[in-house]
Amino acid sequence: MKRTSKAEQAADAIIEALPYFKHFAGKTVVIKYGGSAQVDAGLRRNVCEDLVLMEAVGIRTVLIHGGGPEISEMLGRLGKETKFVEGLRVTDEETAEVAEMVLVGKINKGLVAEINLAGGRAIGLSGRDGNLVWARRAKPVAVNGENVDLGQVGQPRKINPEILADLIEKHYIPVVAPTGMGPSGEMLNINGDAVAGHIAASLKAEKMIFLTDQVGVLAEVGNPETLISEIRVEEIEGMTRRGIISKGMIPKMESARHALEGGVKSVHIIDGRVPHALLLELFTSEGVGTMIRR
Amino acid sequence: MKRTSKAEQAADAIIEALPYFKHFAGKTVVIKYGGSAQVDAGLRRNVCEDLVLMEAVGIRTVLIHGGGPEISEMLGRLGKETKFVEGLRVTDEETAEVAEMVLVGKINKGLVAEINLAGGRAIGLSGRDGNLVWARRAKPVAVNGENVDLGQVGQPRKINPEILADLIEKHYIPVVAPTGMGPSGEMLNINGDAVAGHIAASLKAEKMIFLTDQVGVLAEVGNPETLISEIRVEEIEGMTRRGIISKGMIPKMESARHALEGGVKSVHIIDGRVPHALLLELFTSEGVGTMIRR
Amino acid sequence: MKRTSKAEQAADAIIEALPYFKHFAGKTVVIKYGGSAQVDAGLRRNVCEDLVLMEAVGIRTVLIHGGGPEISEMLGRLGKETKFVEGLRVTDEETAEVAEMVLVGKINKGLVAEINLAGGRAIGLSGRDGNLVWARRAKPVAVNGENVDLGQVGQPRKINPEILADLIEKHYIPVVAPTGMGPSGEMLNINGDAVAGHIAASLKAEKMIFLTDQVGVLAEVGNPETLISEIRVEEIEGMTRRGIISKGMIPKMESARHALEGGVKSVHIIDGRVPHALLLELFTSEGVGTMIRR
Amino acid sequence: MKRTSKAEQAADAIIEALPYFKHFAGKTVVIKYGGSAQVDAGLRRNVCEDLVLMEAVGIRTVLIHGGGPEISEMLGRLGKETKFVEGLRVTDEETAEVAEMVLVGKINKGLVAEINLAGGRAIGLSGRDGNLVWARRAKPVAVNGENVDLGQVGQPRKINPEILADLIEKHYIPVVAPTGMGPSGEMLNINGDAVAGHIAASLKAEKMIFLTDQVGVLAEVGNPETLISEIRVEEIEGMTRRGIISKGMIPKMESARHALEGGVKSVHIIDGRVPHALLLELFTSEGVGTMIRR
Amino acid sequence: MKRTSKAEQAADAIIEALPYFKHFAGKTVVIKYGGSAQVDAGLRRNVCEDLVLMEAVGIRTVLIHGGGPEISEMLGRLGKETKFVEGLRVTDEETAEVAEMVLVGKINKGLVAEINLAGGRAIGLSGRDGNLVWARRAKPVAVNGENVDLGQVGQPRKINPEILADLIEKHYIPVVAPTGMGPSGEMLNINGDAVAGHIAASLKAEKMIFLTDQVGVLAEVGNPETLISEIRVEEIEGMTRRGIISKGMIPKMESARHALEGGVKSVHIIDGRVPHALLLELFTSEGVGTMIRR
Amino acid sequence: MKRTSKAEQAADAIIEALPYFKHFAGKTVVIKYGGSAQVDAGLRRNVCEDLVLMEAVGIRTVLIHGGGPEISEMLGRLGKETKFVEGLRVTDEETAEVAEMVLVGKINKGLVAEINLAGGRAIGLSGRDGNLVWARRAKPVAVNGENVDLGQVGQPRKINPEILADLIEKHYIPVVAPTGMGPSGEMLNINGDAVAGHIAASLKAEKMIFLTDQVGVLAEVGNPETLISEIRVEEIEGMTRRGIISKGMIPKMESARHALEGGVKSVHIIDGRVPHALLLELFTSEGVGTMIRR
């Protein structure tokens, strides 16, 4: 009797994942799924399968997604111009309406459907559902000595994680769009990394994972050989000053710091372009990307 | 000591509502909130307050909303023309995307925020969240001897009410956009009245209420004095033949029939232009609108 | 379509009560219903309706009643004379037997039946049921240099609120007669205000309300225009010295102090001669009577 | 080491009770404790101890008591004459008031206190508490061709045993006075045997036990040697015709028949003048009194 | 960035197992682990890991083990001869004692320890623990016209699966030795296959798996190429008559029939000499061994 | 009617036990049942009945047994010689295997069956089941200047009492064999007194009782008249020095000290040769044996 090599290897792979299954069972993992990492349909399907698997082996799983590129595209179709001030989109009422429609009505539901097709039970939430994210308006930004109001842009003020806990307990996978509820109930657009960090902290998650389109934090720009595999939270400031942490990494590091200070055990920046990167990170001994910890 | 007449009347009103509070405690009421009835901001706020009150006195409350007019408006802004075939919107992929964005990303979240501001805890859901509404594609329609495919238009095939039950049990108010999940996970646009009837049946609701911009079913078109206060389900067919039930009332009556056959106790068509029409219907002896029952 | 003004006002009244419904949901309110306030049958029916409404909107409701006048009346019918020493009834064994019969077998059951007729589920308890109130005997009182034993008169020594909590949790309304269990299991007659204060403290109630036949505490005897709307607990002593607090108000204030020190948020003395005074106090912005707080 | 004979015998007695403890654990036993059997203080203390023991070893225990003699005595003290018609007390309003006071305010609370002193947690209930016994008024009785209205005398119409179940589950011992709630909420006086039978049936009790001042049913009046140890329910009618069942035994047999038809396994008439008669019946192989079964 | 082929394959293998994880979550799988299949230490470790994995992904897992060879070996060391009658060991009192010691005190605890080392929480049970297996004594066997009593050999009479359900619910893995409790409480030795079938039926298991040292049922003795992959329960009789089912397969088929008739969905005979044969059977599309179904 | 004196005494005995039943209800009692005390079959049956009774009246009961003599006997039958070093059995692999078989496969199951026959639901556990007792290997003992390895002899390192709590809660009686799981999962033989003390401490038991073949601790060897009825934990050291505590009493006292320091209320050494000694100790006022307390 001869067994096919493939099935044999499959059984070995599963059994090697056993200690990880056991370790994470009942723990919470928060994933920030960046807009750029969502572009490839095949990889997106992979991510959704990974989420369903995580839930199936008992991980309490929450997904936060981004969506900047698609908002810009829709604004373009509507002939609406957007100003950026210091990298932040000035969000007037019409822009806000479009942003919410794209984030909540398009990207969020697309991910929900894809997770459900993969066998999961996803529920899409915005920051206004169940009062999940209460937000304050961002302060005006000084440009050439003049204060520019950013409009409906916000920062998390208070997270009410009950709705997440209630859904997780019933074996749903919450999928959260990065918006918040402002002082008058209005939608505020919030940086997705910030939302993820606040939610991870409010849930005292075991891990927060940024699924990005980068290898991780690199000591030398553009050189993946210089991947930094571990960063202590107290190193962030110096690395930012030295420019190692820059651009899109800055809000991720801010979010990581907030999460770690709030009780999250570790934060990971991994490369979503690698198929099943989440599984590799969680269930194999392969270290991928950069880990930030206290 | 003299008490102001107003407070005295308030206490009387509350105590008169007591038998209704007790009757509906723990029962489920499904409300279909039509797009036309949502236009007036003051009335919309009234409706949201009424929903919060219903939940506060122990009614298991579910809201389904419509949104046709706003979809058309957004399509217009995008310069997208829509064809209608026998009153149904031919929904190509772009139209479908816009419809979902408007329904789920705009109208739904607007209602969620308004309910939350009134003190409730609303959660917005589309038909794809938690596999709530599985739908089949509508059959092509024959036009001049030619079959026209309606595109992403659907009919409810199966309701999975667990997510509603789970949320209600935790004292959330689910707010449902009228969409469904098609065979490949794609969004299908569904008539809101049909979604309401299927959901009410799946929950064995005590009551389903259509909150419309009409007085109810009228024996004589345009004459509110001819309001028909009660219709038996077996009368629907004849009244439709005689033209008393026509246009927008037809899907409402179809929905009512489906709900009543599925175990709902009564269905009501009431006038959402009356302030607090829901409270009047539920908590006072005033009969308003038309009741349909078996 | 024209709506009658009355229904419109009813809906408005109910919706204005919404924030109060929400505030008190799940909270405990203890009511002391004085014997004098129970005389009028119509008002008594009002009170019972109010209690049922409170329970219906989620308030954990406990009623303690008094009954002095009816005890005297029954003693009279039996030709039994009673001595009073410093306002306290000297309670020999026969008097005690009559007192318990009247309190527990007549007044208590009358209120229970009336609440049940109004749609509630009341359970009458004496201080001996479920060991609810363990009491010590009152000390003898010196009269003309001689110690007079008051007989079966007591003071609360220990409250076992489990039976109240068990009943409330199952949506019953406990109705408590002001008696206690003495060292040998014998009934001791206790001042109803004192029982109410001890029970409110043991339940960490949100509010304790004295439903009396007075407007509240008056700065000038007999002049309702001089109603004092708020008293801080530390003011009680001075006001008693100055005679503003006197006679029947003294045990109420003692009870209020005990309750507030035990964690009750506020104590109210309101006028039970006003119809639905409880609803006015709880569910409208009308301030009635005197509030005592820390 | 020599053990005293007494302790040795105690251990043997306890271990012999083990199979009975196990058999009755979790089962319901309803006891009707007749007024005549309550006279002796020492025996009454025994009964209360027995009830506490029953609860301690896991029996769901409910006590119904009677009280005719004490009502008559109190009426006498009040100088109130009572008419009897065919053995039933004509109960006008004043008589009803006295009856309820004595049953609920005196006898019931006395038993409650005695059980609590023995280490139990008793709760006294009348038929009006928690809507336990809804009753209809007894029909007028024809006397000399004239219908005499019995006044506030009733028969059980509907038992709501939830309050008993709720209390038992929390390890309280319910002690029930034989009254009911009439159509207008008024107290109706009911035969205690009838109340016991209806309650036993509503709880599907394992056993109902009448604790009486008689040896059991005797074949020959007054001759305890002729005790009938077992009666089948279908024999009742014949034995009544032959006069073997007569007087006070008649309502007991009616009650037994009702209980057995409602699902109670067996009914026992035992001699409460024997110390710890309940324990003998339940926990030893000694047969005492008369058993009635299907 | 290049990922090692091994980790990539691991992730793929895990994700391919996802539908199986989801299918079996919450279902019960009973495994009979034959004595011969336990010989190889490495394979035994594999089996224990597989059990832990099964429990980790939510399968309610029960193991029944055999042990014939080790009993014989221990009897040999004690110089005790055993007679066999028609393949059944004549089990006198001394043999029974040794059998129980070996099965329960050695094999069972060895497996328990090995599962615990692999990260599980196993509890060893004999048929006498928690009254799990009540057994009747086997009938004497006629040998040369003479009835030979088999001694302490039994057949399952009644399974009390509560202890298994209680342990599974708390995430333990029950490991059951094939013994039963006889009429006087004595140990009876039972065929392990029979115990497994009765337990699987009592739990309404989804699957029962025989982990053997054979490829499955072969159409031609000794020729693995003639493996029969599926047998319908009604084919068993004919196949036995034709000798295809013979020797050790006979009790397995009896057990399978009993299980299937008791509600088990399918029974599998698989080759325990293949590493991780359980995982292959449960979590891959590779069919292994023989399946028996209705 | 005359009652037999025996039944009368039985009822009295039971009612006298009532305060003890109530006191111990819901409390945990751990019993160490020594090997020598198990010899007499009649007494063993008594003990098992006592355990079932304890469970029936609500005591959370755990039994730990010993078994030295039977291990020696079996080793003898196998012709295996055992060396003792300072009273400890040198346990090579073969000895260990025999010890576990005898303890777990014979003595433990015998007690389980006997308890079950008495009407209980016992579950036998070894220290390896459910990781109950993790143990470290005992240190080598110096003999004539040479270190002698004791082999598979251990000391409790960590108790995981969850399995005991889970079983007790479901009304099983756990019966524990004195073994532990060593660093590699191997069985380690542990002194039963030590196991009992560690388990009692881990469960914060109310009482631990040593059921021995001695009267208790005697001031004068062999003279039962000199029984010491109470020892404070701080007296142990001095009494050991003075030789009052010696031989088999030493590990018992060590165990008692450990238990008392871990929160156990009292420890008792009683004479298992007295019928129903457990019941006498628990349920009568007869003091038996020696009590050790803080």
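Order as written gives the chain letters A, B, C, D, E and F; numbering starts at 1 within each chain.
Heads up, the rule we're going with is that contacts are C-beta pairs under 8 Å (C-beta built on N, C-alpha and C of every residue); 3 or more make two chains touch, one makes a residue touch a chain.
Given the structure is predicted, the values throughout are model-derived calculations rather than measurements.
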Chain pair equivalent in interface to E-F, over half of contacts matched, among D-F, C-D or B-C: C-D
Identity of the chain that, by mean CA position, is farthest from subunit F: B
Where subunit A and subunit B are represented by their mean Cα positions, the distance between them in whole Å: 35
For subunit A paired with subunit E, centre-to-centre distance based on mean C-alpha positions, whole Å: 47
Subunit A and subunit D, separation of their C-alpha mean positions in angstrom: 69
Approximate Å spacing (C-alpha centroids) for the pair subunit A, subunit C: 56
Touch-based graph of the chains, sorted into line, ring, star, complete or other: ring
Ring topology as an ordered chain list, initiated at subunit D and continued via subunit F: D, F, E, A, B, C
Residue numbers on subunit E that touch subunit F, as the complex places them: 77-78, 97, 100-106, 108-109, 112-114, 116-117, 121-126, 128-131, 162-163, 166-167, 170, 172, 181, 184-187
Touch list for subunit C against partner subunit B, complex: 1, 3-4, 7-19, 21-22, 25, 46, 49-50, 52-53, 56-58, 118-119, 215, 224, 227, 271, 274-276, 279-280, 283-284, 286, 288
